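Letters A, B, C and D mark the chains as written, and numbering starts fresh at 1 in each.
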């Protein structure tokens, strides 16, 4: 049994960049304050939305330091340490520990596609040497394998493993996790896709790691609260707004990276931070930017930086 | 037009490990000599077969240093710099350059699945700052995208891009590459899978990056020469042996990692180097090892270290 | 606007077989009565669960006739006409019409993987000549393509298209359908997977096409009613039972066909009908049958035919 | 051991259609004569290229009758009987037998994705009742499963199974088939993709089922003969032309159906037969047709019907 229990809305923060190897420091500060002002329950940096894999280790470490320092304990900070090399994951975790992060988050090593037994070996090896408790991160579209429910159960035998973030968008899987972990109330099950967070909480999930909360943190906190309160009418109202964002801002571009570019573009339009992206991605050009602006206007969001 | 033209058999070297963070230095020396004694035309380190993604950057750098130093110019050394972060790829390339490597090899950033235009942006950005010429590395099973023929053509406009290693096992694609690059005789097309190298050379490919050459370098050199000589009878004889290895040693284990474990296990049985593997993989246990031993005996290979 | 509105639980009926080309007629009668006794709102024959694709056209036509005749208007009967040939789909629909079925159901032609525009062409061509209203059937795991939300919208312009059954298990998709069709209250959105039906109804779906309702029709009707009543506590109680069935009976076998074999085996154990399966499938052997029996006993279901 | 040995070029014939349910009878006659005039070694009707799955059973039977009657024993006729229902496959085979076809061809049942053991059960069940010898048809892109080499070996124990057509484009697989069947010289291994037929014959394959032979039968016969003669220089010359066709005519359209539409369009331009396609496909519009015309002109093919 672990004492840290993460629940609620834990936004996966975008990483404000000035250029490939430089943080947008002022943007980062504004972004953190913007998100915390929405009443979120935690902050997750260096995930998929944070472009962690695209930026250098030095920059990742600087981000950990600056974020932890500015959050200053107001909410728990979770740090993505996903790497193909166990050793490099541990290096990042050490940094997170020294900066005061609450936990780390690790998707499976994502170059080879490991078998389920290999996942158990890897995670037990990792958990054993980590200085912080760990969340698993199920992300099959990017790492090519699911962490199957029985595998989660086996990995969770290690006391350092305290939860799982599921970004598979597969709710049959999520329901199976709820069942297989129901005798482990200390184990947090968080939903990645914001489109599915409401129902996941209704059925026993602990919260959401929702990218839209970079832009509109309170919307997702309200949705979480409506779900906790079993207020289905309210939940449907908010769900409609959440789906509108999902089907507009995230669909402006043509590629798989459209979601990420949409969130960064909106944050730039709102005057929060730079929309610079690390390669292989590039920020939206003017035509896409104009479309995102239009959506924000439909949502009555002030566009500070057109 | 570049002056470096890589052709022939360029084995993707396994990385001999004593443990997670330590090279098997004596094994590495024996392995390099074993491979070079087979008459190969180059050496490729830190590829998929080299478990590059599983080991730390410090260890990768040590491997670059030791390998270049021992090869000492006898054949060109190619260094894998595949990374999800352009900056970290460049860091590895700088090391390779200072150690005297001939070229670097880069598969697409493998966490997100980039679109074709994003691949062009990424590789042009990378080629621009690299201190060494670069091979593209097409590896869709691991990185989730093909580098389409038209994309290869676009990337190859940059003078630093001198060839491509194709591990897709898709020969329709390879034939298309041959056609689309036929006015670029300086551009090398190398075949990854050893099962397909013979025919790729018959139809205009420049050679093979064949994992089996860790164990039996001369076999693949002979196959390459038979293909260059258009000696189909000889080629079929060698192909039968190559297929036997592929269908035995590489199929002993149950998982996708079976090929890698098989090669390392055989090298260990032959007394060349350790079969330790970095997580998420683990070396074969005794029952699988016994099966590999049996195959080696069928091949009349002396088992020094049963 | 169409006048037929399908909502509630519409079980996808298994097809009781005596052998490859013969219905288990007595079993079919018992099965229909067993299902209707559970209070279901419709009956869907010749879907994936009905092994439609595995049995001959003559047998499919006999099944349509017998089922319509026995149901005798107590609930609407939906008939699967999914085929790769538009002409054969129409042939089946003619039969359904003459027997008094209420509607037909059609998944995309499943040999080639059609593009979205090709789906629109196909379905408009089909809807134009059908004698009955049609449900679309989204089944990407079997037909290799999703019917994208914008495609559904375009197809639904035809007045003969009255709903969609979604078996993708992708709730982000389902939420998008709800949004894109919200000005079409006459259009029914039904959920295939029983594990996801409760939440789909909470968020605006009209019901479920749940395979488990062959065995336990009332369970799914109760779940549907709890969702309609927004009774989350009750829904979670029933969900736990539904997940138990999903993770036990459907997981007894090793292959993808395990769900289908599990349902047929349970119906056989309960004394309802034969568990004979058409090739390429075969019914469970004794060891798997014993496991299904055990699950039924855990559920306090009487095993009539051990 | 069977006495029928199919080898050489066996074109998968397109099906000339006047409309959805009517053959283009005059076109069919011209097409058959055009193909046979190229010196091919057999004719395969009702395959993927023949749109078999898109047309009605009545039309398929008419096509069998007319084709066998016109070929009149000049070359062996192979008939596709691929179906999801064993019974319907047998019905088609009976027709083929009565019309004088030489053999039938069957891809796995393609709605469910059967497991390897289920494939063995299905094919043994089918072979047992077929009136004609059977070719297996490996077509994973359309049927979702590979017929694994060990499965082919097991199925081929039945004396009615005389060969396999491989359309996987996976030559590692094809090389494995050659090895696993090398003690069965009576078993024919035919290559689907024309881009890979040359090399497959060099390494022990028996010929090609090449769609391009609808347009240019002699080109593929020449390629086959060059491969049989081990004339690599000639083979490379022809390969260049084959790749040009593959990268032009087959890539004119945007969808997966582009190959099929390209072949039909070219045959129409050459004055051979109608380019009407059964839904879900539609023939090329004028802009695409103009592109195909341009390619034919580059190939110095007379365009009779612009």
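Simple rule for what comes next: a contact is a pair of C-beta atoms (placed from the backbone, for glycine too) under 8 Å apart; a residue touches a chain by one contact, two chains touch by 3 or more.
Just so we're clear, the structure is a prediction, and the values are computed from it rather than from any experiment.
Contacts with chain A and chain B are shared by no chain at all. When each chain is reduced to the average of its Cα atoms, C sits farthest from chain B.
Think of it this way: of B-D, A-C or C-D, only one pair shares over half of the A-B contact pairs by residue number, and it is C-D.
Distance between chain centres (mean CA atoms), chain B to chain D: 36 Å. One finds 49 Å separating the Cα centroids of chain B and chain C.
Of all possible chain pairs, the ones that touch are A-B, A-C, B-D, C-D. Chain C meets chain D in the complex at residues 20-21, 48, 53-57, 59, 84-88, 91, 108-115, 117-119, 121-122, 125-126, 141-144, 254-257, 278-282.
Residues of chain B that touch chain D in their complex: 169-172, 175-176, 178-179, 193, 195-196, 198-199, 202-204, 230, 232, 235-236, 239-240, 243-244, 246-247.
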